[in-house]
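Per-chain numbering from 1; labels A, B, C, D, E, F and G assigned in written order.
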Amino acid sequence: MSFYNDLITHAPAIIIAIPLLFAFATPLIGKINKYVRNAWAFTAVLLSGALAYVLAWEVFKNGGDPNVYVFGGADGTAFDVLSNVRISFYVDGMAAFMGIIMATVAFAAVIYSFSFVKKYTGQDKYYTLILLVLAASFGMVFTGDVFNLFVWFEVSSVAICGLIAFRSNRGESFEGAAKYLIYSTIAGLFLLFAIGLLYGQYGHLNIKYLSSAIGANGSMMVLDKIVLGILITVFSLKAGAVPMHMATPDGYSEAPAPVTAMMVTASQAGLYAVFRTCFTLYGGNIQNSLAQIDLVHAAGYLLVILGVLSMFVGVTLALVQKDIKRLMAYHAISQTGYMLLGVGVGLAVFASGDNTDFAEFGRTAMTGGIFHIFNHALYKGLLFLTAGAIIFKAGTRDLNKMGGLGRDMKMTALFFIIGALSIAGIPPTNGFASKFLIYESVFKFNPVLGAVAMLVSLLTLASFVKVFYAAFMGPKNPEMKTGEVPKSMLVGMAVLAGMIVVFSLLPSLVIGEIVSPAVTSLAGPGPEIGTSLTMFSGQGAWNPLVLLAVLGVTLVIGYVIRMLGQKGTVPKGEGKKPYLFGNPTEVNGMPFVVPASNVYWGFTRALKRYYKPMEKMHSGLINEYVFWFVATAGLVMLALTFL
Amino acid sequence: MEFFTFLYDALHFMVLFGIVGSALLVVKFKDLVSATIALAACSLLVSLEFFILQAPDVAIAEAAVGAGLTTAILIFAIKSTRGREEY
Amino acid sequence: MCKIVTLLPNNTHLNSYTVYAKSAFEIVGVMEAPDMFTFLVTFLGVFVLYLLLVWGSGDADTAYWAIEEVFAGLILSLISAGVARMMLGKAENTKMFLKWPLFIVYVPIFLVYLAKANIDVAYRVITGRINPGIVRIKPGLKTDLGRTVLANSITLTPGTLTVDIDKEKGDLFVHWINVQETKSEEEKVKAVCGSFSDWARRLTE
Amino acid sequence: MMSEIPYFAVVALIAIGLYIVMFKRNLIKLAMGIVLIETGANLFLITLAYRHGDRLSSPIFTSQIMGGDAAAYSLPTPHALTLTSIVIGVATTALLLAFFMKLYQKFQVSTIDDMRRLRG
Amino acid sequence: MSWDWAMITMVVLVVISMFFMLLGAIGLHRFPDVYTRLHAATKATTFGSIFLAIAVIVYAVFRITDPETLDVNVGSYITLAVHTFIALVALLITNPTGAHAIASAARKAGVVPEQAVIDEYEEVE
Amino acid sequence: MSIGHLDVILIGVSLLAFGMLISLLRLFLGPTSPDRVVALDTINTLVVGMMIGLGAFYEQVILIDIAIVYAILSFVTTLFIARYISSRKEKEESQ
Amino acid sequence: MKEMSPIVKTITKISFAAIFLFGLYIILHGHLTPGGGFQGGAIIGTLMALYLVAFGAVKWRKKVLSIIESTGLLVFIGTGLLGLTTGYFFFNFIGGTDNPIFGQQLNGGELIGDVAFPSNSAPLLSSGTISIMNMAVGLEVIAALTLIIVTMGLFAFAGSEEGE
């Protein structure tokens, strides 16, 4: 057992060291041959992922107590005099929760990559960068001081940009990568500036020390507020929240599919940093400082605003996209809004000083938001991987030029359906479970917000119906390749799909075992939401097994009714051929297929006044994007300073 | 003694003025090579400023990176693109 | 096949093992006997430089060099001489290394000319009187090193600035701030370079 | 008093850099703007570290730290941070310029107006 | 105020050095084109830095030989002198080469020397 | 007012800073890019001088190393810019 | 890429070994004087840029460079991991005063006076793993910066040489 204990003690460092070590050795290993190299990369994700799970298990077992690790110290678990110059890791429930997300998605993405990048050159670099992204994501969530947050932020940005530009035969990749890089670099420099401000005021970089120092004298300086504003803006940019989202779709859509899945987790590390900033860094002394309560309360409202904007703008823009990856990228933005909304409501209630409200629905909202992070990583990763499979086979990313893939790619279609149902929040899925918590609690907070959240879910479903229609149904394009995608891609998708199924069946267990410790480590202990098979939101309850049972009974009844019917009936005339999505029809005597971009023609036409300025906003000019970022940062700072 | 404190401050001020001035020149020059020259001057003066602010490690790094490498890769980039700012 | 980043004649006919073996030889610094002299001179030069850099590192009372610094210096000098030998090849004119004592004579003369040059520049800056032009001189130096010494010397001395150099003939194009009429070629060289062309020849040939 | 002066230069550098990034349209100029912002941030950190004592000393380990006046030394931590950010900065700049070079090779893009294939 | 030999030497050296350094800077404005400016900039500033470096070396030598400071730390002042000397040599090697590179580049780029009475470079082109 | 040995050097360094500003004016005025490179070269030499002087002024002898590095690296910068300038035709620009 | 004039080439040849040694000096004395792995590596990287611009051609193999880079990084991380054997990650396991070779005592203020300190403020071998890490970082930075310079330089100047 002593080896196991040592392993747990050193786990935070080793989890980061393994991907780094393997990444740097990959160019050397790649010289041997590609199978060894693939096995090498697989070993790296497997080892660090398994270790992340083990560490998370230990942390959750202790109810989210932090596992502290100080680099280079003789006693690596204790903070000492030199701690403000030492690098430390601080793995509590939330960090461990994020860690297992990273591990899962990276595992699936690397397996998927084996076949996906086979035809490209420079695979050594690809795997090196993938492992670097993984290490950077782990670093961002595990780190215990703000400067390391900056370092991992930049490592993650640079590595991701290298990966976006991986398909160097496409010029657009470089464009997307350059935009993403400019955007994240400027954000990183803002972050560095904010860190400098924090250091100048408090002389510490360690989050633990900072949180005990900020607001310790009962009042908030202007500089504190400015720092909070910068931090919120920068990390929301990383997460892809709306006024700063412009380069995100470019990056997401141009990256290879597995990389996009990794990017989702990297952006969630940004989200994690937002929550960490608001709850831990600024909420540390919240009990004894009125000024701090006001500030964090305002920050909660800001998160809610950002969340609602992200949800709505993301989903409406996704509806009109023709590029499949771009569409999904906008959905990623939209789903990020849910998390911001949930946790923002939680934060606003948490900082209102009203503990009963928080116990009643604020905590539920937070639980929903944080549970949604995991769900989002799973279904969004799965959807991006299926999109990659579709592009892999179809050879195009334009929805109007695809069709009929469902005949050959049955497994991919199945995975796509699982992911689409989950992202749209259709009942038996895990997406529903987390959205359910958000709807109920947010409705209690403000009914309008709950209504918006539901509306966005509807629109999400609509747009995925469109994708399904365009890609899998209808006539087949003869130029497309036939057959299912290679095995390793299927395995990669199956990993995520399996996780989704498990999460769908046992949401309350997942919440009780995984999400609750995370919430506890952010906002302190509180009532349990679900430990048994039924999940209680405070207003309602949800048990997928009941629904599945009802569905099963209904199916049986339907089958019985069908058996009782008359046999041998043949439909005649027009009724013989039912209209199927995407099948050619005749309009004025000409064969005609409704292209995917026209499916919601009426809707977009009706909202012309909304879409025109939106189009102008997303002009593709990086200047204007940066302007939006700077303007948002300024507005947030002003709002926090004067409200 | 007062005079030398003043002199030191004036020296410091002139270096900072040089930094900001050359940064403004970066904005002003339409010709990209001239802008690169101004940027190199800015980096070198910032290195001197680090020197004055008692950060020798950073001064060496900034001199090596800001002067040597950034200029080199900027020149390469200008060479392989059009080379002049159009407007 | 090893991809070689080169614009020089490449080794594509060699298989990769040969290339690696060759580069390994180069890295270790194994070389033929005639090149050893260049290597040794480089090594001694950089070792002296290292000793200068760490002068004063030892105990204040007895020695000026710490013993481990000397050992480190030996190793580093070997490395840098090896790398220089690897990347630059052998020096063209090894005889020059034997003439380095002449530098001690050369430096004061050079400094005197430098002083003259600066008084000249001061005069021209203050009065603004110039009569410039670019002239071509034929100093008749055979080696690049000699041309370099000459060019750099006359750049720092009165009224002259090397603009370009003819690679084949070794002629220098000199920007002359105060062009004077000269009759013959030797006179021109004399007027531009002073005694530096002789010195450059003496030093390097 | 005078040790506060560099902050003005910091603000000026960051403002100039942001101006370039937000209003100049040439790509190489954009990269220069980013370099300027980065320089400003670095200068900020170094200025934070500066201590205005009678002994101006760089934070190199000597016996004086043990016996004497440690307050006279500029703080070492921001120096380490600045070094890190310089390293990151050069990597970012090189990567960005490499992207621009490839973009020019592919599409003859040299201003941001040509870099609008991805939009909407 | 201590007017010992080092002080006097340093004052003289620094005055000479400053004169030529500033002369180089002013020469940039007094002369009409690149080549003549290079004359001023290269020669004068190099010459000036030699004197400044010698002033620093004189200071170091003074501290070494000064009985008050002899027992304190000789090594540091030796290092000061030697490193200054190395920096000076680096300047002496690089400055004329840089000037030559600029002049050559300017001539190749087609910058014609102003007020030139003769230009034998044009024959080459 | 008592002048120490190092104060002499400080006066010199301040004058060098002034000269640096004058050279910066030439960098601003141009008119061609070789002119600007000349100004940059001058600034470099002046700054190396300043570094040597300040290193002595602070009595931090190791700071002189920076001057060495600076002298070498600014040379490389000059060469790079010169290399590029020589490959293009210089036009007289107005600004 | 065309080479520069013989003067520049000769000066490069003369000063190459010296600048290289200076970079190594900065790397080796990273714990004693200003500088360290990155700074020394950057100096040598810039030296390679000087070589490139003076000679106009390089014959380095990208593969070898990337191997050097990986090796440097691996040594760095490996040194950190070796710290696990005796203490914690990045523990300075050969430092300390009881180590006979790498743990030499600092000079307790006898050598160092009240003013400045000589070229070394402490013995060369007083840093434990920090020296090793500096060397690893230096190796990595040299290789990485050279790769950047070579790749971008060849991209910029390959093929079309400007009418020469």
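The working rule: a residue touches a chain if its C-beta (ideal position, glycine included) is under 8 Å from a C-beta of that chain, and two chains touch if they have at least 3 such contacts.
Keep in mind that what you see is a predicted model, and the values were worked out from it rather than measured.
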Subunit E and subunit A - chains in contact with each: G
Contact-richer chain pair (by C-beta pairs counted) among A-D and D-G: A-D
Chain closest to the assembly centre - both centres taken as Cα means: D
Between subunit C and subunit E, centroid-to-centroid distance (C-alpha), Å: 19
Whole-Å separation of chain centres (CA-atom averages), subunit A against subunit G: 40
Approximate Å spacing (C-alpha centroids) for the pair subunit B, subunit D: 11
Distance between chain centroids, defined by C-alpha means - subunit E, subunit G (Å): 29
Residues of subunit F touching at least two other chains: 1-2, 11, 18, 20, 33, 37, 39, 51, 58-63, 65-66, 68-69, 72-76, 79-81, 83, 85, 87-88
Junction residues of subunit B, two or more chains touched: 8, 36, 54, 56-57, 59-61, 64-65, 68-69, 72-73, 76-80
Residues of subunit G defined as touching subunit F within the complex: 4, 8, 15, 19, 22, 26, 33-35, 39, 43, 46-47, 49-50, 53-54, 115-119, 162, 164
Residue ranges of subunit F touching subunit E (in the complex, touch as defined): 1-6, 8-9, 11-12, 15-16, 18-20, 22-23, 25-26, 32-35, 37-39, 41-42, 45-46, 48-49, 51-53, 55-56, 59, 61-62, 64-65, 67-68, 71-72, 74-75, 78-79, 81-83, 85-90
In the complex with subunit F, residue positions of subunit E that touch it: 1-2, 6-7, 10-11, 14, 17-18, 21-22, 24-26, 28-29, 34, 37-38, 41-42, 45-46, 48-49, 52-53, 55-56, 59-60, 62, 76-77, 79-80, 83-84, 86-88, 90-91, 94-95, 97-99, 101-102, 104-106, 108-111
Contact footprint of subunit G on subunit D as seen in their complex: 58, 60-64, 66-67, 83, 87, 94, 97-98, 101
Footprint of subunit B on subunit F - complex, ascending: 1-2, 7, 10-11, 13-14, 17-18, 20-21, 24, 27-28, 30, 33, 36-37, 39-40, 43-44, 47, 50-51, 54, 58, 60, 62-63, 65-66, 69-70, 73-74, 76-77, 80-81, 83-85, 87-88, 93, 95
